[in-house]
Structure formats: C-alpha cells, structure tokens
Amino acid sequence: MTFASDNWAGAAPEIIAAIADANEGAVPAYGGDDLTKRVERRFAEIFDCDLSVFFVATGGAANGLALSVMTPPYAMVLCHEESHIQMDECAGPEFFTGGAKLLPIAGAGGKLTVDAISKALSGFPERPPHGAPASVLSLTQGTECGTRYSVDELKSLTKFAHDAGLLVHVDGARFANAVAASGKSPADLSWRSGVDVLCFGGTKNGCIAAEAVVFFDKDKAHDFEMRRKRAGHLLSKMRFIAAQFDAYLTDDLWLRLAGQANQMAAKLSAGLAAIDGVAISYPTEINEVFACFPDGIAEKLRAEGYWLYPWITPGDPANGKMSRMITSFRTTDEEVETYLDLVRRLI
Amino acid sequence: MTFASDNWAGAAPEIIAAIADANEGAVPAYGGDDLTKRVERRFAEIFDCDLSVFFVATGGAANGLALSVMTPPYAMVLCHEESHIQMDECAGPEFFTGGAKLLPIAGAGGKLTVDAISKALSGFPERPPHGAPASVLSLTQGTECGTRYSVDELKSLTKFAHDAGLLVHVDGARFANAVAASGKSPADLSWRSGVDVLCFGGTKNGCIAAEAVVFFDKDKAHDFEMRRKRAGHLLSKMRFIAAQFDAYLTDDLWLRLAGQANQMAAKLSAGLAAIDGVAISYPTEINEVFACFPDGIAEKLRAEGYWLYPWITPGDPANGKMSRMITSFRTTDEEVETYLDLVRRLI
Amino acid sequence: MTFASDNWAGAAPEIIAAIADANEGAVPAYGGDDLTKRVERRFAEIFDCDLSVFFVATGGAANGLALSVMTPPYAMVLCHEESHIQMDECAGPEFFTGGAKLLPIAGAGGKLTVDAISKALSGFPERPPHGAPASVLSLTQGTECGTRYSVDELKSLTKFAHDAGLLVHVDGARFANAVAASGKSPADLSWRSGVDVLCFGGTKNGCIAAEAVVFFDKDKAHDFEMRRKRAGHLLSKMRFIAAQFDAYLTDDLWLRLAGQANQMAAKLSAGLAAIDGVAISYPTEINEVFACFPDGIAEKLRAEGYWLYPWITPGDPANGKMSRMITSFRTTDEEVETYLDLVRRLI
Amino acid sequence: MTFASDNWAGAAPEIIAAIADANEGAVPAYGGDDLTKRVERRFAEIFDCDLSVFFVATGGAANGLALSVMTPPYAMVLCHEESHIQMDECAGPEFFTGGAKLLPIAGAGGKLTVDAISKALSGFPERPPHGAPASVLSLTQGTECGTRYSVDELKSLTKFAHDAGLLVHVDGARFANAVAASGKSPADLSWRSGVDVLCFGGTKNGCIAAEAVVFFDKDKAHDFEMRRKRAGHLLSKMRFIAAQFDAYLTDDLWLRLAGQANQMAAKLSAGLAAIDGVAISYPTEINEVFACFPDGIAEKLRAEGYWLYPWITPGDPANGKMSRMITSFRTTDEEVETYLDLVRRLI
C-alpha cells in the first residue's frame, strides 16, 4: 500500500471473476452482444431514468468523447484550473473536440462556484464571431482535491450554466465515491441536479478498465457512437467491459468498494489531523487526503515506500509542500494504522 | 460458432488466467509497473532487435496513433482500398493524424503491388505545396481478404516505398496468423523485410483487448507516448494489457492460437472448394475464407445461425455475392465439419 | 502571355478601381460595413433567390469552410479524383472538416457520372459506426479538365445525391466561365439544378482575391461565420473584398471577363485541332485547353516562354504527355495567333 | 473618425497605388513572382538578418499558422489572458495547431511578467505524458492595452522562456506602432531580444490585407509553406500582398503611418487626462487609449457617433466601465481636438 493512486490498486475479485464468466461462447462484437445490451439497461435502473450509455476503457476517452458531442469545435469549455481535463489529459479535450478552448477557473478545494464562473464569463461577452462562445460547464464529482459538490451546490451551478446556455458535463472518475459518501442516489447527484452528461468511472474503483458515458437526454448523444469508433474507443470484444459493469452494479458492489475507500480516507485524515505539525489541506470528503507535513517528513515517508504525490496548484506559493494520499477499495485499517504510526514516529 | 469474426470468439483461457494473476498488489499505473516493462522487453526478444513498443486496447487506436507519428497532417497515406484503415475505422486515421489524406489503391486479393502503387503515385508528382505529398505506405498482413504478403513481396514493396521517401506501416491485426502460416520469423516478416512500424494485434487472436505498436527504429516513436495519452489510449491499469501479452508471447501461445485458426480455415476452404457450385474467391492463406455460394444458399446458412458477412469490394460488379467466413483459435474440426455438412445438404 | 494559369493574369482594371474607390472614410470592420451588406444582397439578385453568402480570399478557404459545415468530421466527401479539393489543396478539406475522408472517383474529362458514383458507393454499404458514411457530393463546375456539366447532368447527379442523403457542393472557381459558356442563368446552374452550396470564384476571373460561399438554404450556413473566423478567413477590412465583387457583378463584368477567356480558349483549341499532329484531349467548354503535342514540341514551346502545365491523371499511362493551356480575360486574339503560328512552325 | 478600431481606417494611398502598379502583366502565381521574392528579401534588410518570411492576409492566420509550426498539438502555449489569440480568434490557435492548449495568464496593462509566467508554470511540473508540456510563450507587441514591452523586458522574458525550453512568438499586429514609439530598430525589438517568430502586421497600419510571418531561425519554418496552403492561406495572386508590403517598407512608410497613429493617441490621451473625471487606465504607449469616463458619458459619446469599444478584462470588477479608443494613420489633430471638445462639453 502506497497511497499513490486508486489506479495502483488492481481490480476487485468480483470484477476478475465476471471477466472470466463472460468468456463463454461466440457473441457479436462491438457491443452487439446480449450482455452489453443488458448492462446498458441496468444503467437506466441505477439512474432511474431513460438514458443513453456508452462504454469505453479510459476516463480520458470518456471525457474527451463526451465533450466532443457537447461543444462545437470553436467554443469554450469552462472547467476548474485543477481539473483532470485541464491538467492531466495532455490536451486531450482539445484533440477530441477538434480544437475547443478550455477556460481554466480557480476555486478553493477543487470546486467551482457560481461567483467564480460568473466572473470568468463576464470577461467573455457575446461578440460572435470573435470570442469563442462558452458551450459547456465541466464539473468534477468528487473533485481532484477530495471534496464533493452537494446537491444544492450542483443545482445552483447547473441552473446558472443552463441559464447561460451551457450544457453541464461531470467528470465522475470518482462519482462512486461521491455517491457513497453523500448518501444521495445516483439520480440526485446527476440529472435531478441538472447534470446533462456524466462520465461514470469504474476503473479507479475496482474495475480493470471500464468507464461509462451517460447521456440523460438521449438526443444529445446523437453521434457519440461514430465519434467513439473514429477515435479507436469502440472495443471489439465489448462484452468484457460490460461484464465489469455487470458485476460492479450488482448488489451495490460499486458503492461498497467506494465506501471502503472513503472510510479509509476518513480514518487516515482524522489520524493525521491529530498529529501535531500535520495540516490537513482540504476537507476529506471522498477517498483522497491532502496534507502538509513538517519539512523533510514527506521525503522520509517516500523513502519508506509511501509514494506521496506532491500536489501542485497553479500559482500557489505553497507549491510542493502539499502531499496527496489516496485510498482504495483495497486499503485496510491495518495499513492506515501502520502508516499513521510511521508518521508519528518520524515527526 | 458462426464464422462471423475472430472478434466474436472471446479470449483464450491462458489470457483470462493471466489477468487474474496480474491482480496482485499495488503497482504503478500508466505502464510504470515491472510487468509492463518486462513484457515490453519480451517484444525485443520476439523480434530479435532493439525496438520501442506501446500497448493500446484496440486496433483502430494502434493504427491511428502509429500513423499520427509517421505522417505530417498535410501528407498522404497510401493504402489498399479495402484496408481496415480506409473502410472500417470511420475516418479514424484522418482524425488521429490531424487530417492526413488516405489514398485508396485497388489490388487483387486485398494486396497492393509495386505496379499499382507506382501508377497511383504517378498521379501525384512533386509540386509542393499544392498536392499532399505521400508520406506512408500502409500494408495489411495478413490482409482483409485472407491472403498474405510473402517476404519477397514485402521486400520489393518496402524498397519501392523507401526509395520514394515513404515510411512503411503494417496493420498487423492478423500478423500472428501471417507468421504462423508462413513459417517465417516475426523479424523476417517485419523489420528484416523493411517494415518501419508494425501494429501487432492480440485481440482477434485470443486476447481480450491487447494491441502493440512496435517501432523498429526507436527514434521514429518520439512522441507516441504523448499522442497516446492525449487520445485517451494510455490505460491507467496497464498491467492488465501487459499481462495479456505476457501470456500471449509465452510458449508460443500466440502462434498456437493463430495456427489453430489457420488450420480450421484451410480445412473449411478445402471442404467448400470440393462442393460443386461453391467458388473460393481468394487463396485461403490465413484464417479467413471467402466464397461465392449458389443463389439463395448464403441466406439459408444465415437462417441456420451462420453469420456470413457479405463482402463488398468498392466498384465490384459481383458485390453482395461473396461471403466471408472467419475462423478463430476456438474453432474446432467438428464445427467445420458440421458446417460443411450443412452446406452440402443445402446445395 | 504564357497560358500557364488564369491566376497569373492579374486583375481587371474595374476591380482595381473599385478597391481604390472603396477606400473612403472609416467604416466598420469584419463585414459590418454598408458596402459588404449591399453586395451580399446583390448575390441574392444575381441568383434570384434568398441565400446566405460569405466572402473569403481564396478558393481553398471557400471549399474547405463550405465542406466543414456540410459534413460531420467522421463522414466522407465524394469527389472526382482530379478535383482541386483532392489534388491541389494539400489535404485542406481534411483539415477544415476536422478529418472527414475524401473518396476520389474516376471519370472522363474531369466529370463524375451517376454510374461512377453509384458504383463507388456500393462499396460503402450502411454499417455504422464502422465505415465513414457518405455525406457530401462535391462537383467542379467548370471542371479541372475544361469541361462543363449541363443542367441535365447536374440535375441527375444532384437527384442521385439527395436520394442517397448527400448534400451537393460545387467548387465554382470557374463557375463564371461555365455560366458564360452555357448561356444558362446562375440560378439554373446552381440551386435550380439541386446545388446546395456553391463556392463562387472571382479570383481566377479578374479579381485580386475574392471568393464567395453561397448557401441556397440559409439554415445550412448555421455556423459558417464562426468557422470562417476561427480559420483566420474573416478579413478585417472586408470592404475590399466586397468592393471587388461589387464591380465584378456590375454590368455583367464577371460574364464579360469569363466570356473573353472562353472565346480565346475556343479559338486556341480550334487552331490547335487544325494542326496535324496535335490532339485535343478534352472538349474545350470553358477557358482551358488540353492537348497532346508531338514528342519534343511541348519542351520547345516552354523554351519559348510558354509555361505549359503537364497535366497528370492518376493512373493514366499517358501521363506527362498532355499539356494544359489556360486563357484569361486578358488573353488577346493576337496572343493566340502568335502562339498558333509558333506551334505550326515548330511541328 | 470614430476611434473604434484601426481596422476601420481603410488603406494608405501608397498602398492602393502599389496594388494598381502591381497589376502589370502575367506573372507566376502563389508567390513565384519576382515582386514577392524581392519583397521577401526586403524583410531581411529591414530586420538586418537572414530570415524566412511568409505572407498571409489576416492576423489570425499569421498567429495560428506560426503557432502550428512552433508547438506540437499536445503541448501548451502561454499567453496573456487578454491576448488576441486567447480572446479574439474564436479558438483559432487551437484549430491551427491541431488542439494545442492555451494557458491564459493575467498581467497588468496587457503585459506578462517573468514572475507571472514562472508562477503559472509552477503549476505544470514536468510529468509526461499527463500534463500538456509548455512549448511556446506568446507575447503581444504592442499589447492589446496600448502598452509596449521594452527591450529589457523582452530580453528577460525571452531568456526565461528559452531557459524553460519554450520558443517565443510575438503577435505583432501593432509591431509597427511599437517600433515607431520605442525608437528601437525592428531587430532590437525582435530577434536581438530573443524573439523566435514574429507576426508582423500591416493591415491595422494602412494596408488592405497584409501580414508577414517572420522566422528568424529559418530551420524553424520547415513546413510553414505546407500548412499555409492546407489552410487556404496561400493567395494565388500573391503579388498583391507583396505589393502592399513593398510600398509599406519603402521610405519608412510603415513607421510614418504608425508614428502618426501614435502621436494622435498621445495627444488624445493627454487631452483626456487633463479633463476632470476622466481616468486614463493604462499608459498610452502606442495608438490605443483606455479611459474610464464619468457615468453616462461613454453612452453620450456613442450617441454622437464615437464607437467606444467597452473594454472587458476577465474577472475585473470594473468591467464595462473602461472604454477603448484607437487612432490610426488617418487620424488628424483636428479630429482629436473636436472629440476632446465634445468630451469637455459633455462632462
């Protein structure tokens, strides 16, 4: 256990078993098989509404393809300056959308506010065809900083966005953690709060490679299928993604996995907060803990094999001081305790 | 068994087992793990040379990304008019390359000849900046029509291409079948015959989703890594692709799987050829059989559950008459015999 | 006079004068000026219908931008294999459309036929999302080979295209020559014959740099304005393009200029045809003459300063033998006679 | 005179005359003519160094094409948040570069500082392939806010950029104004201060449509020619852009035109500063004046026909209060005085 990333954790045993089970017989490729169709319908039940859903293997593909059908290539996507689409996808959204502009906006704890968005938009008054018009508001739920948007926050953000003519995209690589932590239903945290398109992640939460792009307005998905194929993201043996989601959504596995990760983060956060000299940077609301250690401690922890990711915020004078620790469905109480003991010993 | 596609066949048990085995412990994401590094080195052994190799999940991604580092966006890729990159990727190569042009060229049995390429190129004399200059020759090995290029054919094609200043790309979705059928080494069928970049397929031959892009000149791979990430094709839990290739390349599993598919195709082809009224369309050199049945027979076979893909050739007056049948590692003697019996009964 | 290209000819004096005249006073930029608005309305009169029109400076921009609003980026534009968009724009259409595929189709004398298009399309049956679906038929009027489509030919081509769900684009870099030669009205040769979008050229026919993209269905132009700006093709001092078109469309200047060019081509063609050993390659229907001279003659003509463009047809065994000669509004009877005398003397 | 934009001003008489003069005879198209070649060489004299230069018709094309050869498509261009490439080109740079990211950075008076850039970059540590790596620093000289970079400022910015591995691009739509106002040589304000590529504007300063992209390292221009053609920005009758630059660069016309605009701005700025209640927003260092008028005054000035552009700064609480006034080579002392009288009367 290194607390480096939920991507380091491998897959849940149920997911591995589902892949093995799905290997029976010859079935149509490219999602024409019964399992894929059945699991697609399962999403409608989970979200309690009619919807269109598409499976891909990575979160970057999910975000990029979703945005590519939400914005024209000459328009602008508003996003948090620390969001994955801005910081971690190597200009992928610009690639998928054919050149749409990303407008990075600052906000405490990885969260955008109506005020910040409004201020940013005030700099881009309507003057076609000169400025790229804003087309999409992209939110991350749970955020890159381990926080969550409440239903109320979501509703005011999506209302503002819709009033301004924008569609709302949610990067939900850790949507499961947000749902599990909030106690809200998937519907409450998505379309009932005004979300138009949700990238629903499985990979970080115990799948091998399984992401779903969910369109709550089926009409808005019109050419997603063509764009997915064009970008090489239509898997021929689609049944193996479907199988992962099948297991993931059965008996609330996804919420149990996320819940375990969340609890371990909470325990880790509380333990660190109680140690003199350690400052927790953001509220620990999902499975990520951010903290500043006394000088030299992070280095020592790394030397002990804990891969603390140094969290960097654009323009932050404290850059390099903050460490990110991520828990996963595999993290155990014992691992957290061993780590806390080490931190206490080192300080 | 439907003979529809090798993509319908699921995965070999060794591949499934390898995925399960790879699920131990926390390891670095994005290909930083030891298994990925070890399997990358394994490719160098298999191909008997130093090389750069990158894993992705689909053949469309492999081809598109490979081409994107081989051609500038204003240049032209020569390919067979029935090639996968021209006919089956929904303009994916144009997308990945940022708008490079594909020049489709006709050729019997899915194969390009020096003569056909030379004639096509004669229509595009050097006159920068007006015409898009040719930059890449793309071949398919084994071809979409179930044929193979011999070492001699490859050498003359790649020599012609290199003399004309082109790089040579091979779409090797069925490279394993070509190697197994030819009895040549992977090196003989690739770099020793002048191939610059090979998309080495695993998916159609018993993997779940595993394709490798192999650069025989490491310098030519310079920004593949960035382009793969940008396009959402860098899997976070890369170990699970690496694991597939690990098993695939162990004890010649890949050649055994391909060999079985090839043998079943040979048996099927020979059996069909012996039936009065059935005409084999192309030499059966890998795991694909193309045949024209008497009127009405293909429909009856489909009604019996055999998903015969109607093969279409641009501009061919016989369009709609030809049926494609594909075998896989899972195809059995019994299945072929049952099918041949049915064909005989129906005619 | 070199017969090299109508692009070598400079501008008509009326066009130069109009630019000077338009230089009065401060007027809104980017097409917000009265002159631009007035000239835009003038197009509606010339074409006898309501329409949307946009001015740009080059034919490559006109074609690329027009296609970019006519096709999604994953679809396919059918065009003649010798068309300007395929051969002469350095993969520009692929760039502007974000990666749409061009499907080159052969046809005698630079012209497409329903039969050739139908045959080409038969190779691309509907099978989304695998093949790029055909979205646009692009015709050139007058063609690259100096021929013209008749109204009847246009009507059957556009009917076939519309029945197949395609929009019809016309590259009209030499539309003026086609109109002048046919004696038909601009409307007859465009929307009344089923053309959806016309790139109406001025540059080759006596303007400095003036092309108009005409949408006969205003709804189809929806985001052209944004795409033109994004591509750097919205001129700030738009009045100077508008002024060119103002003069060009006044008192039929455009038809007089084109008529002169056409007549000189006819005279040149007839003169060459009468010379033993010279073979006219295509009917001379606008301002381009194609001929094969006896061996060595073309070289001698070039040595005398006549820049004969060697016309290349993809896959044509006669490549290199055919010479293109283009006349312009500036070509005089005397120049043609002098040239014919020279040819006669050399043979 | 409206002070709306230097784009409203039309062209200098010398420019118009040069176009008329260039209309003699048939000359090669696409820049193959002697005039174009001669004027290209003239740039080397003006800048006192060997260089490559390319002509286009718009500033958006110049910037977009320049950036497209300076950055790979997965990298990042640093620019001022009020720069033209970020605010006014409808996501053009993203289009031309094939999807490179723009990182907008704040800075007083339209100017970037080493400190601001350094802080912004600190948020993007090297971690390929996840974050888009910074590739280019784009500066604007003179700026969108009417200010200028001094030679010292330029040198420290370009040194910082080069040390960080970035190339330096300058949007010089008003480079002439900056040179005229600074008294420095074109070389001092460009390559001698570390600028790699300069977009040298003519259009805003008395040309009709003439922009030059200047590469001070000829090797860096390697495929500009192909990209210009592909984007429809290679004018066939290139002589007419060359002619504009020929006149523009003769007898310092460009500096005289810019000098007049600058002086009128200085006079306007001084006049306004002397009026109680009017606050000059930025130092008036070229031909742009920014001021805040007492409430209601800007509206009254607009009602009198002065088209005051309301200057918007992203995130600025004073948005909507600031007015931009631009002078041009055509602005006269009398016009400025008449305007100042009006302002005085209205307040």
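All chains are identified by letter, namely A, B, C and D, in their written order; residue positions are counted from 1 within each chain.
By definition in this document, contacts are C-beta pairs under 8 Å (C-beta built on N, C-alpha and C of every residue); 3 or more make two chains touch, one makes a residue touch a chain.
Predicted, not measured: the structure shown is a model, and the values here were computed from it.
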Touching both subunit B and subunit D (chains): A, C
Selected pair, greater C-beta contact count between B-C and A-C: B-C
Gap in Å, rounded to a whole number, between the CA centres of subunit B and subunit A: 34
Rounded Å distance between subunit A and subunit C, as computed from the means of their C-alpha atoms: 50
Centre-of-Cα separation between subunit C and subunit B, whole angstrom: 40
Residues of subunit D touching at least two other chains: 30, 73-74, 89-91, 95, 98-99, 128-130, 226, 229-230, 234
Subunit C - residues contacting subunit B, complex: 73-76, 81, 87-91, 94-95, 97-104, 119-120, 122-125, 128-132, 312-316, 319
Interfacial residue positions of subunit D with respect to subunit C in the complex: 1-2, 4-5, 7-11, 13, 16, 19-20, 22-30, 56-65, 89-92, 95-96, 203-204, 208-209, 226, 229-237, 239-240, 307, 328, 330
For the subunit B and subunit D complex, residues of the former touching the latter: 30, 72-74, 98-99, 128-130, 133, 223, 225-230, 234
